[in-house]
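For clarity, chains are labelled A, B, C and D in written order, and residue numbers in each chain start from 1.
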Amino acid sequence: MELSLDAKDTAFRDEVREFFSTGVPDSWRDRVRAGLRLSPDELTGYQQRLAARGWGAPTWPVEYGGTGWTPTQLCVFWSEAARADAPHQFHQGLELIGPIIFSYGSPEQKDYYLPRIIQAQDWWCQGYSEPGAGSDLASLRARADRDGDDYVLNGQKTWTSYAHVASQVFLLARTSHEARRQQGISLILAPMDTPGFRINPIATMDEKYHTNELFMDNARVPVANRVGDEGRGWEYGKVLLDRERMVAAANVIFLGQIVRGITDAARRRKIRGRALADDPGFAAKLAQFTVELTTLQAMVLRLLDDMTRGADSGPRGSMVKLRWSQLYQAGTALWVEALGPEAAQFAALDGATLPADMPAALQGALYARVTSIYGGSSEIQHNIIARRALGL
Amino acid sequence: MELTFNSEQIMLADSVGRYGLDKWPAINRHKLLAGEQDGFRERWREMAELGWTLLPIAEDDGGLGGSAVDVMALAEGLGRHLIAVPYVTSCVLVPALIGGVPGGEDLLGALGEGKAFAAAGVLEAEGGGDPAWVTTRAEKVGGAWQLTGIKEHVEDGGCADAFVVSARVEGEAGDAEGIGLFLVDRAALGDGVARFRAVDGHLHARLTLQGTPALALGEPGQALPRIVAALDRAICAHLAEATGSMEAATAATVEYLKTREQFGQRIGSFQALQHRAVDMTVACEEARAITWHATLSLDAAPGSRQRAVSAGKVRVGQSGVYVAQQAVQLHGGVGFCEELIVSHHLRRQMMLDMAMGGQGHHLSRVAQLSV
Amino acid sequence: MELSLDAKDTAFRDEVREFFSTGVPDSWRDRVRAGLRLSPDELTGYQQRLAARGWGAPTWPVEYGGTGWTPTQLCVFWSEAARADAPHQFHQGLELIGPIIFSYGSPEQKDYYLPRIIQAQDWWCQGYSEPGAGSDLASLRARADRDGDDYVLNGQKTWTSYAHVASQVFLLARTSHEARRQQGISLILAPMDTPGFRINPIATMDEKYHTNELFMDNARVPVANRVGDEGRGWEYGKVLLDRERMVAAANVIFLGQIVRGITDAARRRKIRGRALADDPGFAAKLAQFTVELTTLQAMVLRLLDDMTRGADSGPRGSMVKLRWSQLYQAGTALWVEALGPEAAQFAALDGATLPADMPAALQGALYARVTSIYGGSSEIQHNIIARRALGL
Amino acid sequence: MELTFNSEQIMLADSVGRYGLDKWPAINRHKLLAGEQDGFRERWREMAELGWTLLPIAEDDGGLGGSAVDVMALAEGLGRHLIAVPYVTSCVLVPALIGGVPGGEDLLGALGEGKAFAAAGVLEAEGGGDPAWVTTRAEKVGGAWQLTGIKEHVEDGGCADAFVVSARVEGEAGDAEGIGLFLVDRAALGDGVARFRAVDGHLHARLTLQGTPALALGEPGQALPRIVAALDRAICAHLAEATGSMEAATAATVEYLKTREQFGQRIGSFQALQHRAVDMTVACEEARAITWHATLSLDAAPGSRQRAVSAGKVRVGQSGVYVAQQAVQLHGGVGFCEELIVSHHLRRQMMLDMAMGGQGHHLSRVAQLSV
């Protein structure tokens, strides 16, 4: 992303660029460009390297071990990471539960969990969704029944991504039954090795193992693992609303990487003696994609400007999420198109070989389909914007 | 103008439907795909017993001489039930390439009996969909033909017992003249076959020919029109397959909208989702209509035929991928899973779209033929 | 449209082609290609010429003066007319009221009105819509109060196209008030010179005078002018549902003309020394348009096949209308693009001159916007298809 | 990164808003447009009194030296209220072409005082948006310049008192070198000016130069970079105008959805229409964001500037036309009428999209600069 920076930010950029000039293996490149998550081992190592440099929690306040960076610095950091084909940090601890813990957690919870997130000692997963409660989270049914100093958890969670490698889960469960469906829900932290937890992998169409069902059968966790007040778990999610802007912003900045993936493929592929990149039709499609991406990045700059001024962005975070998923889908489709029919060669058999970006681009194209479903589907985002911004 | 199946075609379609439900049930799909790496030979024999492998082969070649519309009725069912056998390559493309040509009799016989799979290497990577772009060379050495070159992507080549390959006896890549068709046995290729699995369960291959012995099918040199026509015929079968798949994905989605509840109501009561389902339905109708048009044009003059087939390839590619994407989207998270059939439809649509020349190639063919 | 014809139909085609080889003035060309209606004078002359040849009512049964043509013959006739840059016949008499009269009218009504439609002695306009009743026609409020042998009409109609040149209007008005809103509505025919009628032009953005408001102030028409039974006017519209397929089919066949308009403009326009038609980017856009048009024409062939077999087309008539308006809009936009910035020169001042297709293409592009609004907007068509075809 | 108006810009925007409501009320628009064929000179003088005509002119040229963002604040208001004066050509494009150049002083003074209109003939029909495509020739005859050639479409040229025209002193069409800028008086053209009215109320012209006397602005030959930069600046003002218009059309539509009833309920309760209104709102935000990006890039290096401006031109062209089309669609029949303001927004968006190089030209500029 093109940024106009002052001297101080330029110096910061040079520092970040220097950091990323080493330590980014070539083997990450195509997966990162295709928006695919690296393996947990790779991401853990990356997180540790950032933590060692003091950059483990770029979006957190300094008092909790964060960098305290300005929005511009964040933007520079992410842009440089993207430029180096480095990945986005795994977000479940850093963006989803960390901020709730430092906003609503007890001192003991802050002292214990926050450093472990930064140092990658814990890998967190999320237990919100349930089979009957997808977009309609308020209808969740998992129970946490009080029994002495414990909660006894029962129920089923789904779309519990990375539960198979996680050490901790944060989950919502009913601690009482109230008239309003959002009430009586509590937020509870639990180690994944809690007896009574059982996970079942969910195979997805991108042939990558991300996600699971989580069954909870009389699983006991201490009441001390509850974050904040009993029955108010629903409210704590609101702290994330504001932070969603940052997640959306980072996603968009990292999306810039895909252009290099597409361009490399289009330069390499020859059609009738001419590089596909020089075909006016393909060049126009790629230009259209970059126009839309530039526009989306300009929307992100507006979000960052709001943050700098402490201003509310209204529904513009939702708009960025919406457009990001559309462009991620369009970009991976264009990359697959650039690869040509050989992109159908998804997995080599009998020890055959494939170019590095072959499975990555197509796997990215398949994975991209879920981005307009998760985290509030595009349809739900439309509902939200209609209500909040337009009063319809 | 007849644009409906006759009673025999309806019976054929019904038969494929029953077979699909019986042998390719969505519920077992994951296991079915995971277990097979040889092209589902058991399923293939069953289909041969039903006479389907003989259907597209001309009567003169010992087949049933089914019409393009007969093939359409069958292929629609393949798509509807996502039957992942290499039917279109083995039973439509290859017979159209070699039917009636001396040298192909044995292979045709084996294909018709369901005893073999065959694939065609008639498109090269740099041709971008143009079958005239042949760089593979054929040389006569001591009275026998030898081929040298690379066929980067042979559709369904991963389970083929034999390959029909285009090679050049004279001229340069792009020339219409000087192209021949050759029969290459799997065994003759040795480790020149690299196999790949696609996301739709089909098995493809990259062929590396290095002086590989081959049998000329007819006198080499003038094979291009036959290749173009054979591809057009195979594309039409793919269009029908895509249409069947689109309709199945749409039907599954409408059904889901009628049953799934969120926010205390069936999600099919939300107007935005209703309208999306309508757009999917319109896309299905577009695919069905242009598939008929393309299929009925197969016996027309080459220009009309190519224009109609390419129009079909472009529009069905677009609408097929759109429909399957929306089917996944409207199913939400479960739509993204292996377990549900809709994601399999999406994967097949994506692969069909890129097979036998992508949209870019076919759009430019339309542009050239419209001038 | 490309058709495969048998010998009999081929002979018919040659006959029609011969007819159209003369009598189509060059001055019609660009307007017709742009989907613009010719002037009432021009259309009246055209209708009279067709009537003289016995082809005044191509879609009507022979007993009412129609041709009794098969769907294939209709398709041939329209294709040949389109090929010759001849227009679609004006539809209000031929397709909207004529079929209702021959289905439900009295013998006197049939004898009087039908020949006058075919011979272009009457120009009909439609009085259905009202300011508060657009898509929701059942909420109409115009009244026809019985007074002896007359109805006394009061109320306001809107979107009364060509009321300013029409000799007759067919309108819906309430003859009683029933519980169900569709009941108590009658269909009435009235001469436009009925005292108490007043029209007010509605200026539209295409700068073409098509439409009007119609005010009815104690306007008296004989009860004998009612078609069919009192209070059942709503039902008579249903005869049109089936015929809408034909209107939709004809519209699509005539839409083929626009390709010639676009192509001519793109060949004429040179950019950097090369014809725009030879620019790969523009050629791809035009090819995409022709692909979609070919697809839509194939959908029309399926409608015609249904008609031939007497089969129900379900909601496929709605689909064709929907796609037709989209492609008409896309086609005129492409034509304007082909013309380039000079298309902004909409009206010459001070006696300057413009190429013939300059105002036509842009006017067509503006007019095209209303085609996704009238006759059941695209949104209403979606509702209809969702309900009828999908059961949603 | 500052992406919000400062307090002075907010005041300016408010002032334009009040002026628009007062002098360009939607309700009188039809009469206003029908009555004027000379470029709304009365309105122009009022705007000059408010200082707006001086705003974009550099201080060294006697203007107020407003920044590009100041112009953005003003131009947004022009778009919001569809003020159909030739502001962008007379006060942004022409001053950017001739500012600081010997020979342009008098015209700049007259423009700043609101006493004249000027237009620029710097794009030719065959250039497809490329200002290097200059076929008009300039020759020195007896110490004075004479121009010969045709400028097919001069934006806002129909009410111009003077023209700034590009002409070639050497080289061929497409060459970057050899282009000069010349000042041509309306009177010198005689009947070489053909005038046309556009559907948005703007008045354009076709200029036929036949040895027409002209004054060289600076030494002719190296004017191309200045022309390109001036067009980029004017395009940014157009982007702001388009954004203002889009937001006004969207606001009118949302208001209509909240009031219009059909089938016994407000049409804004229909989810499909809600979602469409959201898509319009997202398009507005896209336009606003890329307009900021393009405007802030005006002082960047030429490559970055051109890429940003062209990206803006493409995306605002697409989203502007989309929003206005949907505004008409959601208003139904009345949206198609003269009487309602939404159809005027559509016509202006269509014209803005094609002005100063269409999407095709700017998309290819993006492609070239991205390589």
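As a working rule, contacts are C-beta pairs under 8 Å (C-beta built on N, C-alpha and C of every residue); 3 or more make two chains touch, one makes a residue touch a chain.
Computed from a predicted model, the values in this text were never measured in an experiment.
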Chain whose Cα centroid lies at the greatest distance from that of chain B: D
B-C against A-B, pair bridged by the larger set of C-beta contacts: A-B
Length of the line joining the C-alpha centres of chain B and chain C, rounded to whole Å: 41
Gap in Å, rounded to a whole number, between the CA centres of chain D and chain C: 38
Centre-of-Cα separation between chain C and chain A, whole angstrom: 53
Per-residue multi-chain contacts in chain B, two or more chains: 270-272, 274-275, 363-364
Junction residues of chain C - those touching two or more other chains: 279-281, 284, 379, 382
Residue numbers on chain A that touch chain B, as the complex places them: 129, 132, 134-136, 139, 158-159, 202-205, 207, 269-273, 276, 279, 281-282, 329, 336-337, 340-350, 352-354, 362, 365-366, 369-370, 372-374, 377-379, 382
Partner chain C, residues of chain B touching it in the complex: 1-4, 254, 257-258, 268-269, 271, 274-275, 277-279, 281-282, 285-286, 288-290, 292-293, 296, 300, 304, 307-308, 310-311, 314-315, 363-364, 366-367, 370-371
Chain A-touching residues of chain B, taken from the complex the two chains share: 30, 37, 123, 125-128, 130, 133, 152-153, 155, 158, 173-174, 194-199, 202-204, 206, 261-264, 270, 272-273, 325, 328-329, 332-333, 335-339, 343-344, 346-347, 350-351, 354-355, 358, 360, 363-364
Complex contacts: residues of chain A adjacent to chain D: 2-4, 72, 277, 280, 283-284, 286-288, 290-292, 294-299, 301-302, 304-305, 308-309, 316, 319, 322-323, 379, 382-383, 385-386, 389-392
Sites on chain D touched by chain B in the complex: 270-272, 274-275
